Every structure is written in C-alpha cells, then in structure tokens.
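Look at the two complexes coming up: chain A is in both, with chain B in one and chain C in the other.
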Partner chain A sequence: MRAIISDETKVRLRYPARAVGILGAVLMIASIMMPWAYGHEALDDMGFYGAPSPLQVFFVILPVIVLLLLAAPLVGKPRLGKFARALAWNTSAKTASIAATATVAVALIDIAIELEGLVNVEVGGWLALVGGIVAIAATLFLPDSPEPTLDRMKSPNWLQILAIVVLMGMLLFTAAFALSLDKAGQFLMFAAFLVGVVLVLRQVGVFAWLGLAAANNNRVLVLSAFIVAFAFPFTQNGSDANMSIASQVLIFAAAALGLNIVVGLVGLLDLGYIAFLGAGAFTAAVLSDSAFATVNFKPPFIITVLIAGVVSSLLGLLIGAPTLRVSGDYLAIVTLAFGEIFRITMNNLDGTDGPNLTNGPNGIPGIPDLNIFGYDLGAVHDILGIEIGRFANYYWLMLIVIAVIIVVFMNLNYSRIGRGWVAIREDELAAEAMGVNAFALKLLAFAGGAFLAGVAGSVKAHMDTSVTPDQYVFLESAFLLAAVVLGGMGTVMGVLIGATILKLLPEKLRFFSDYRLLVFGLLMVFMMRFRPEGIIADERRQLEFHAEDEELAEELEEELITHHGHLNPERKGFDL
Partner chain B sequence: MDLLDLFLQQLINGLSLGSLYALIAVGYTVVYGIVQLINFAHGEIFMIGAFGAYATWMLMGQPTDWNAPMSILVLLPVLIIGGVAASVTVALLTERYAYRPLRNAPRLAPLISAIGVSVFLQEAVRLFYGEIPGFPTAKSAIPFPSIPGISGSAFQFGGVTVQMTAVFTVGALAVCTVFLWFFVNRTKTGRAMIATSQDPDTARLMGINVDKVIMAAFAVGAALAAIAGVAHGLRYSNIDFRMGFLAGLKAFTAAVLGGIGNINGAVVGGLVLGVVEAMATTFIPGQFGSAAWKDVWAFVLLILVLVFRPQGLLGAKVVDRA
Partner chain C sequence: MTQVATGGHHVDSGTLLLQASNVTMRFGGLTAVNDVSLNVHAGEIFGLIGPNGAGKTTFFNCLTGLYKPTSGEVRFAGEVLPPQPRLVVRAGMARTFQNIRLFHNMTAIENVMVGMYGRTKTNAIDAIFRLPRHRREELASTERARELLDFVGLVGASDMLSRNLPYGDQRRLEIARALATDPKLLLLDEPTAGMNPQETRQAEELIFKIRDLGLAVLVIEHDMRFIFNLCDRVACLVRGAVLVEGPGNVVQNDPRVIEAYIGTPPEELPEAGPAPEQPAANPGEGNADA
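For the complex of A and B:
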C-alpha cells in the first residue's frame, strides 16, 4: 500500500486531500438526515427525512471522528501543543473512514437482503457510501503519522479515574443496546460500528493510555467493572430474555476462566474440561430437592457448592496424577478420553448398565430454584421499581462466583505459585532446575481449575433446572478452549471477551446457526495462524508466539518498563 | 456355546476391530514420529476416505447388480482408490495450509489448529456433501454400498462365525503392513522419513527435502485411513460425518499403546486394543461388562498404559520431547 502513493506526493497533496476528506465526512454526516432505505422493515427503519434512527445516530459518531481528526490540525501545530504529535491524526482518520464505510456497507447489504434488492437503498445510503469512499480515498493521500504517544503524556489521576468510569458507563450502555437489537442485520451493523470505534481508539492511542490508567488505578477499574456488571439487570426493564443469555455467558465465562488457569497459565492443554463442569452439575443435581435426585442427602446450597467443587477437583486429581508426569501432547488426548469416559459413564449409570445415579440419558430434571439466605432466586423481585426476574437473580449469583474466580486468578497470577506456573509453561526443565516443583504445581492448577468449573456447574444445574449427559460433549470443551484462545490465553479480560463473543453471536445471529461450527473451525485455524495470542494479548504470551520478532521484543520490553513501573517503584532506573 | 468358542469368537471380533484401529493408528504414528504433532484431524481424514469411496460409487452410477468376483476384483479396488484419492488430497491440503505455517510455533498452536480443522471437516461434509447434485445429504447416516461376497457373508469355522468383512479388514491390514514395511525400509522416500524422524536438521543437511518427507508421511497415513474408512463402511454398512471422532480417538489410543512414533507399535497397539475391547464386553462380569462400557475400558487402558509404560508396548523412545 505504502508504495502506491509516494511520500512526496502525499506531502504535496496534503491540503487538498484534507479538504476532500472533510467533504467526505460531511457527506456522511449529512446522509443520516436523509432516508437510507425505501421501506421500513430493514434494520431499525431508516426511511425518514430529518429523523435519524438510533443506528444512524451511532453511525454518525464515526464520520464525526473523521471530521475532527481532519479538521483539528488546521488550527496549526502550535495551538495543538503537545497533542500535535501525541495522536496519530492522519492514520487514525484513515482508520475511521474505513470503519465508517464498512459500517455503511454492512447496512446497505442488509437493506438489499431484507428488502430484496439494492434498488431499495435510498439517497441517504448512497450518499453515506460515496462519502465514505471519498474519505478513504482522500486519507490515502495524507502523509502517515508517527506512532501515537498518548500514553507517554502525563495526565492527572482524576482524569484517569474519570476515563475509566466513563468507559465502564459506555460499556454498560453499549451492552444493553446491543442485546436489545434482536434482528441479525441490526446487530451486525452495530457490531461493525463497535469494531470500528475500537480500532480507531486503538489507533489514536487511547487504549494504550487507558491501559496505563487502568494499571495505575487497578482497584477503581475492578470495582467500577463490577458495579457496571451488577447494574446491568436494571437496564433490562424486567425482561428476562436477555438476562438468560447474559447468565449463560457468565457460566460459560466462569468455566473458561478455570480453563484459562490450566491452559493459559500452565500451558497444559485440557480437552475434557467440560467434564468438570458436568461433574459439578451432576453433583448439585443428585444432592438437590429434585424428585429424580438419587442421593438421599440434601445439604444447603452453600455446602453443595463446596461438595461439587471438591468432587470436580478430586476427578481432576484422579486424571491429573497419572498423566501430568508425561505432560505434553499426551495430556490433551488423555483429558479428551477422560471427557468421553465421563459422558459415557453418566449415560450408563441408569440402573441397567450400572447403579442408578444419574437416570442415564434422561438425566435429572425438575431441579428446584435456589434459595440463599431466604432470597428465592426463582421468584421475581421488585428492586427500585424495576422487576428483577429469575435469570437476573442467577446472573447476580454467577457474578459473585466470577468475582471470586477473578480475584483468585489475579492474585495467583502475581504470586509465587503463578510465577511458577508461567515458568513451567515457558520451560519446564529450566523451571525444575530453579527449584519449582513442577508436578505439584501442575496438579494444583489441574485440581484448582476443576474446582472452579465444579462450582460453576453446580449453579448451572439449578439455573437450567435439568442436567443431562449430552450437555457435556467434546464440542463444548472445544468451545471453552476456543473462548480462551480467541480472547487471549492467560488474560482475564480476553477470556471474558472471548466467552461473550462465542455465546452471544450464535444467539443474535440465528440465521447463521447451521454454519456456526464451520465458521468456528475456520476461526480456530485462522487465529492460530494470524493472531495466536488472541484478541487481548498477554505480553509474555505474545513474545512466546513471535519469538523471532526482535522489534516486537524491544517494543514490549519498553512497554513493560513504562506500564509496570508501578510494580517495582524502587527500581526505577533498572535496565533489562 | 462353550467358553473356548466364546473366547475364539471374541478374539476374531477383536482382531477385526483392532485391524481397523491399526490402519488409522499408523497415520497418527507416522506423522507424530516426524513432526511431533498429534494430527487431531486424522479421524476426519478417515471419515473423508469413506465418503470419497461413496462418492466414487455414486459417480460410477451406483452399480448394485455386479456379481461377487467382479465386485471384489473391480468395484472394491476402484472404491478404495477413490477414497484414498479423496483423503490424501484433503490431508495434504490441511498439512499445507493449517500445519506447515505453524511448524516453528509453540506446541499448543498446531494442536489447536488441528482441532479447528477437525471441526471444520466434519461440518463441511455435513453441510455440503448433499449439495453435490444427486448425492444424498450427509446430515444423517448414509447406507454404504454393499459388495457382494463380502457384505453380509460369513462362514463357520468350528464353532466360530467369521464375517467376510472381518476377513477383508484383517487382510487389508496385513497387505498394508507389508507394503508399509517395504515403503519405509526399501524406498528412498521411506528412508528419508526415518532419517527426518531421527534428526530433521541433519536430514536437511544431507539433502533431504523435509517438506516433501512430511507430505509423504501425511499421504501414507491418509491412504491407510481411507482403506480403514472403506472397511468401516463395509463392516457397519453405513457411514456418517461423526464417525471419525470416536474412531480417531481409539486409533490414537492404539498408537500410544504401541508406542507413538513406532509403526509396528501402531499395528500391535491397534490389535491389542481391539481384542481388549471385545474381551471386556464378554468377560467382565456384571453391569460393567455390557457393551455400553466398552469405550470406557478402551480409554482406561490408555490411561493405564500412560501410567505404567508411557513409552508404549513396543516403544523405547523418551516420551516427552517437548
């Protein structure tokens, strides 16, 4: 790309290019005041003059960013002051134009499909597309900006905290809005917009700065994230449909976080992880008040959770103790075999092929709702005038579970144990030579991960009200693994994002359900080839996957020093 | 039926089942021996072999009225060639596009990629096989063409019934083992494979094209898996897109059992696994001896082997080379 338009041309044409780019942005902004479609069925009804639909309003954010990025430098370098070099103005404008055009393209394709034919795209839609293409073409003629250095700039602490809080608020609003879109086309257009915004912010350097701010105010970040997540049910106006999806996402995420310890931190590939979730679910089911429960011992749920966790971790020890010594690829297949053993066993313990424990393929239905300290999770509660339904209750319960898991994970990650795990992952022999008890630590990770899955499973049993063996097949283990890989092995944020994407997209894109697994398979292959470290990269991981990339190594080294300086305040001038 | 007959009967059943596992297991072991990759998608290569053979039969105009000698001497070899062609093509494509780019990546990367390939191949067959004009949809099981003289035929040997499909499977394994031995020990490519598995860097210095050797390993494994696919189709008289998962897992168990990386080990491991499975369903008393538990016993065997003899029955190599 760079070679097509020479740098001299870019410098010579920078003012006309800027003008044309601004024209393109203005065209896009103007377009939302015009109808995009003949007909009112497509997207969220873009058929009016002067009355933009919500999606159009969202869309206009991107061209406004283009406009600002292109117009602001016109006031001259001195007035921009330190910002003149800190933001990658031109390159960001290019990214924003491309993102805006892509969003328009998704919208137009959806209009064409839903209303049967591109003729149904009205003047506004075409105007937006033309504006977008003009803006892209113009920004291609702008000189490339240097890398953004926003994160090198000093910023007051209150600004950092404010930014985190605003970001979290926006996250809540975005999540509520995205879930309220029930047509696949709307969702796709919004997703395109979101991805665009994220890419632009990254390009501008906002994310690097936010990363620094988050590292400085870790407590604020974690606390506000939980408050936002806790507040989410209040945005749903008593509707339980979305809360059902959200609570499923949390269960999936909790299991994925457990797997993340095993795969992400210690580097042990577990392909039968869903069996631990299943063990927890079955334990909770047979100990529940269900009429089909086979064990005549009904402890309160608090005890059941612990028993479920312990049963799962015992299974983890049982499978881990013999196989963790041989490690490597064998473990993957042994755990896979273990997953199959679990499923077949649960199928067979039906009274004919074995003692009756699980009712075989029928499983255990009719598991009653939980009642914790007098709070009935099955009932609808009225809090602050907003109805909180059954799934919202379970959502909160899972939130608590996830909070515990995240706290455990974060503390482990920076503890002696966590560093031992990472050392094992990077080089087991060297780690052992340094006095790390590799076998014990691996076993601990295996049992600990299993415990977390067991806990999540026990909640799942009550939330789903029934447990059957066919919920715990290999494919589910593969999905969990995919969530970890997609999001970023060894990171909490990445795994949460990965789990959300993998659970949310199939719910919102129903038309696509038949091709879900096909795309999933391709995604795994492409991720491994092009971004093995996942969406959110763990710094150490990234280096591992790009061992030969010297530039990246230096870059990360520098980043580690600037970002994590707070971890070692007394060693300011230390060079690696 | 007295106990000896029962034992012999289960031995025959176990050997024929084990031959199926052994044919697939060779693919795991050859590839692992050279690139240290568990080719998780190998079970799907086996499935594609069966579907390739079925496609060949469809393209021949679904011949059903051939007499026994013609079927065995002409139809069956043609089906096998069709299946082999399909699975070798797919195996080479996956090697080229999913594994080769990851050859120097950490061990986890190709394994995860292989899982992706496995899911992708299953789904591709499920969704698109029926889209070929005239082909039945693969969303449910497809009846495999019967070969007169093999399908459904059997003969009595003392008190033991021997299915012709079992004879075919064991025979196929025997022929393949001989060919494989000849290929590995007596051809240039085969020796290059041995050299590469011992030391890829030195092999490269000696002028061996390691890429070609790896492709040859994938191709050999895929060819044997395709033959197993046809044998599976004849034995169970239907094929479906999921058949590769369990068969692949069992075959991998067989490869580990025999000592992964060791070709003879894969054959022995497959036979042992088949016999153990058949015996377990007959001689384990009580509820746990029912057929529903046979897969469990196979996997328990895998775990036991890894605990007590991680190098496998015939293996002498160090297990963990990571």
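For the complex of A and C:
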C-alpha cells in the first residue's frame, strides 16, 4: 500500500482521511452498545442492546486510542506543544486500527466457531469490523510520522517512578485477569488485545520512554516487580488452579534463566539442559523423607538445595570439561546426547541393571511437602483473610529462588567475567590473545547454569511430590531453549516473558494441545525470520544479529551505554 | 601522558627480552617459517619486513602461541613461552592483528577492559556477592582504561561502539587493548595497513611514545619509510627464512633485500619463473627507499 499511495496524495488527503478514520473509530465504539452474537454462549453474553457486556468493554479501549491519536492533532501543533513531535501520531493510529480490527476479528471468529456459523454474528460485531476496516483504510492515507522521540523528552523523576509503579500494577491486574479467563476464546481475544496494546505503546514511543525510566530507576523497578509478583497469590481468592500453573511457570523460568547464562551470555548451544533440572530433582528426591527415597541421609532442605546444585554443577563439569573445547554444532550434539544419557541412566538405576537409586521408570513418589522454618508449604495458610494454598506457598518459594538466580545472573553479567563472556562470543581467538581464559569461563558458565537448574529442580521435586525420568525428555530441553530464544537471549525480562508464554499458552489453550508443537515451531520460524533477537532484545545481541546495519549500531550505541554501562558495577548489579 | 607507566616493572634497556631460536613452522609440505632466530632487547623497536607470503604473520603466530612451532623454541625473559595465547599474554607479550580483531559490539572502553582480564583477579564469588575486591578492581580497571584510551589518543571515544569508530581509531584501540594487558613487549602486525600518510605519522609517534614507556616493540610492516624511520633494528624475512638482520640503514641498502622486493633478472632466480617482476607482489611497496 505504501507504494501505491504517493506522499503527495497523503498530504492532500490528510484531512478527509483523518475524518474518515475518526468515523471508523466512532463506529467501533458505538458497536459495543449493540449485540455482537446471537446467543450468550460465546465469549460472554454479548446478545443485548443498550449496554456493553464485561468483555465488550475491552473492545472500546483500542478504538478510543485510535480516536485520540487521530483527533488530538486537530487541536493544532501549538496546543500539543512538545508532544506534537514527540509522538508518532499517524503511524500509531494505523497500528492501533490494525490491532483493534484484529482483536475484533479474533472475537468474531470465536463467535462463529462456538455458535457454529458466521450467521450468529450480530449487527454490532459486523459494525465493529467495518469500523475497524474503515479506520485502517483511512490511516493508510495519512502521511507517515517521524520516529517518536518521547524518550528524548525530559521528564521528572517522580513521573518515571509513578509510571513504573502503575505499569507494575497493571501487570498484576492483567495477569490475574488473563488467568481468570477459562474459555480459550476469551483468552485468545484477550491475548490479541494485549499484543495490540503493547504494539501501539511501542509505536507511540511509550516503551522507549519506559525503558529509559526503568534504567534510571532500576531499584524501583526491581522492587515493585517483586512486590507485584509477591502479591499475585492474593488475587486468586485461595484458588490453587492458577497458582499451580504460576508455580510451574516459575520453575520453568528459573531453569530458562540458568540456560540463559550458557546460551545468552556465553553463546554456547546446550540441547540437554533439562538433565540438570532433573539431576537437582532426583537429588532432592533421594534425600527427602519419601518412603521410596533410596539414600538414608536426610539433611534439612537448605542443605539439600545446595547438594542438588552441587550435583548438577558436577555433572555440568563432567560433560563440559571434555567438550567445551569444541564449539558450535559439536557441543550441541554432545549436550543433546548427554540429556538422553541422563534420562536413560535414571531409568536404569533400578537395582537390576545397577544400584537402586531412582526406582527406575517408577521414579520416587510420595515426596513430602517442605517445612521451612516452621512454615508448612503443604498447608493452607490464612493471610489477611485470604487463603494461601499449597501452590501459592511453592510459588513464593520459587520467587525467592528466581530472585537469587536473577541476582547471580546480573552480577556475573556486569563484571569482569561478563565482559570475558561477551568477548568470547564476539571473537574467541582475540579474547584468548588478550589473556581471557575462554575454556575456564565457558566451564564456569556451564557449571553455574547447571547449579541454578539443580536448585530449581530440588524445589520442583517437592512441589510435584514425585520425580520420574520421563519428565526430563529432550522436548523439555527444546522448550527451555525456545523460551530463551523467543524471549531474548541474554536478557532477564525477555526470558521471563518467553517462559511465561511457552508454559502458560498450552495450559490456557488446551484445545490446541495436539498442535502445540506445530504452533510453537511456526512461532519460532517467524521469530527467526522477523526478530531473531527475541521479544526483548539485548542491545549487543541485536547488533550481532544485524551485523550490517550501521544505522542500528549508531542508534543502539546510546542505549547500550544506558543499559550496560561498560558492564560496570557502579551502574548495574545488586548488592547482597 | 607518559606517566601511564607499565605497571611499574622496570626494564633495563639492552637486556635480552625475546629470544626465538631456530623456529620452524611447517604445514604439511609447506615450510612457512624456516629456522628463524631473532633476538629482541628491552626498550628497542624491532622491525620485521618481507614480501607478501614471507611468513611474517605465521612467525608472529608462533611467538604468541596461536601456533605451536614444528621445531625450535621461543624464550621470553629467559623462560620458554607456553604455546597458549593467554599464557603468552600473561608472560608479558601482547599483540595486535593484521586484520583488526576488536570486539565490535563492545564499546571502546570495554574492549580495553577485556585486555585487563589477565591482570585482574575478580572471581565469580566476588562478582556475585559484590565483594570489595570486585568494586576495587572495577574502579581501577575503568580508571586505567580511560588513561590508556587517552594515551593512544582516543579521547572522548570511550563510550563508542568499536565498530562505529573510524578505521584509524580502531587500529589505535587495538593497541590500547594490547597495552591493557600490561606487556613488556608489544607485537604489532601491520599497524599502518590502510592508513593515509597523516595517520601513519601519528601511528609512528604513538609507537615512539610506547617505546618511551620502556616497552619493546616488534613490528611487521610493508611501508618501508615507516619502518626505517622507526626501527632500531630490522630483519628481512624471505620465503620463511631471515635474509638479513641489522640496523635499519644496513638492511635498507642490502642488495639481497632489494632483490627480494624488486626482483632480479629471470636467469638469477632459483625458480627461474617466466615473469621477470614476479616477486614484487605489492605495487605499494614501490615507495621503498631502495
């Protein structure tokens, strides 16, 4: 389209286009007062005139944004002041129209599927779709806006902190709301809406500004993120269903963060990483009070965690020492084989083929709940009048584990060692010629990552109450790797998001569980083609993926300083 | 600027620093370096010249541990050098590369700080728990990296990505990074390749400044004017072997060196190649004072 509509046409038609676009947005807003579906089984009850249903309220947000983006420039540049140039008004309006229309389309498709036939889509739904298409068409005739410069504007510190806190609050609300949506259609619609909002905010320039605000107020960000994460169980009214998913997500995320050290920071491809999680889980299981535990040594859990970590990192050293001298494909193959060897070994340590350590395929069931300093993680606690169930307890424990992992990850990254890792990734030979002990640093990453996975595994053993070898198959390693790559190699936030997506979507969208691998495969292919650096990009990684892009290099230089600051501790890192 | 000392170790000029004896490097049937012996003394600038393919860079790689020589030995300050680049650096010998090998997606100062890796001791525990040693060393490294960037003339470029630096500055950054390893001997592989005359002059001044710090410099170069201005002694490498070694003016006027570069009538060549000016591979070397 860009080529079809010339710039002159766009400038000539900018006022009519704006008016038509506003009309489209108004149509969409008006549509929520009308019925969308014939019947009330789809999404929620959308079958009446006069007032929106609870879900229909969501359909008004994006059109209102379109309306504001289109209408605001009409008041004239002087009144908008410095915002006139800071926001990408027209381009954002286009993105918002597309996002709004896509959300409506998802909803209509869902209605058609659930009520069996497009005929069940009522006038409001069609009106919303038409309004959306009109808005998209109109915004195509608007001149392109320059890049948003919101992040270059000076803003007071209190505003930045407020923005972070509000963002975190919204995150909590969003997470709680998303998990409360039981129907796959509702969840998909909400996911489409969320992706739309995120894309629009990015386009407007809000994210760049937030990124800067987050870099300036790193501690506020971290603190509020943890408060929000900690508060999450209180939004669940004692229900364990969602907390079970949430704690599984955290275990998965913890392992993915450990893998991120190996893959994201050093750039080694590890395809058997799940074995380290398994080693931790088995270690914790055999040292537990379970009747099936095979080792007659029952240390307190704090000690067990450390032993599990050490066992995993020893395995890491064992596999790493001979293989880390090779790199690339060879390492991938060796680690892939190691993952399988681990699983098969655990299957065979059943007393017939070797010592009885793991009860073979039966694994170790009946692992009792943890009791840490008198706090029974298996019991339901009543805090502030809200029931905190078993999984919520494990969720909190995993939160602590994740916090420790993030601190380890960040503090290693922003240090002499992190610099060495980047140097190895960039040019191993030059790094060696500058005195970097590449082998030792790779081994450190391997063993360190394994340690963290082992710690996560030891909690997993108690949470799942049983450990069996078939939980630790290659597919799980592949998913961990996918979480790292999808989220953004070398970043904490990205990997947390990637792990959440990969673990949450299958839970919420049970109907596509047969096609899970197909969908994730396609997702990965699209990511590799269009955004190989992942959802959240580490600046340096982004540069590596776009080696030829000189403009990007100039652009990212500044951000790299803000975020990485020479990998210097005075600007980044956490005190313990 | 010269107060940027090399960590305080004092070297008497004149003592033997690098001693390569009978270094031979074969790749299958090809003898790239043939029985080369060289001595570099503390505080001197030693030049290594030779036509393309003479084995200069291969010899460098043998010295710095990238290659393990087929035979012969390399001693540095009396000790036999281990065949591992990072241990060679630790012993006090740092290098730059013919084709610049900076860490392109790191900033200038980060590049220099990587050079300090072997001279700092912060371990994983220090870093994870942010122990005093970590803080102390990071501050000291940052400080020293800035000094070195100033020293090579990269003032104000410390936060630039090295890939965004102009070509000449990239060469200088590579020298700063090598200096960060706190070497006694600096090996420069064609430090002025691709530079214009003005940049070449600046590089020359920089090398003199480095020598004034008390470092010895071993430099490979094609630019004859540059090398004979700069070096106390020069060796000419031809087909993997040392043809002549001695003070600049001696090597410069040696007929065998001229022959190696400009060529001789076909009947005098051992191979008796058909093309008369065949060995003079690089027209850029025509600026030899020969």
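The definition used in the following text is that the second predicted complex is superposed on the first by the 557 of 576 C-alpha atoms of A that agree within 3 Å, B and C clash if a C-alpha of one lies under 4 Å from a C-alpha of the other, contacts with A are read in each partner's own complex, and residues count from 1 in each chain.
To be clear about the criterion, a residue touches a chain if its C-beta (ideal position, glycine included) is under 8 Å from a C-beta of that chain, and two chains touch if they have at least 3 such contacts.
Keep in mind the model is a prediction, meaning the values are calculated, not measured.
Of the two partner chains, neither chain B nor chain C is touched by A:N237.
In the superposed pair of complexes, A:S513 makes contact with neither chain B nor chain C. When the shared chain is aligned, chain C comes close enough to touch A:E432, but chain B does not. Of the two partner chains, chain B is the only one that A:N348 touches; chain C does not reach it.
Looking at the shared chain after the overlay, A:N356 reaches neither chain B nor chain C. Shared interface residues of chain A (contacting chain B in one complex, chain C in the other): 544. Residue ranges of chain B in contact with chain A, taken from their complex: 36-38, 97-98, 101-102, 104-113, 115-124, 127, 245-246, 249, 252-253, 256, 287-288, 290, 292-293, 295-296, 299-300, 302-303, 306-307, 310, 319-322. Interface residues of chain C facing chain A in the complex, by the touch rule stated above, are 64, 66, 84-86, 89-90, 94-95, 97, 101-107, 109-110, 113-115, 117-120, 122-124, 126-130, 134-135, 137-139, 141-142, 159-161, 163-164, 177-178, 180-181.
Contacts from chain A toward chain B in the complex involve residues 263, 267, 269, 271, 319, 322-323, 325-330, 332-334, 336-338, 340-341, 344-345, 347-348, 352-355, 428, 474-475, 478, 481, 485, 514-515, 517-518, 520-525, 527-529, 532, 544-545, 548.
Touching chain C in their complex are the following residues of chain A: 407-408, 411-412, 415-420, 422-423, 426-427, 429-438, 444, 448, 540, 543-544, 547, 550, 553-554, 556-557, 560-561, 566-570, 573-576.
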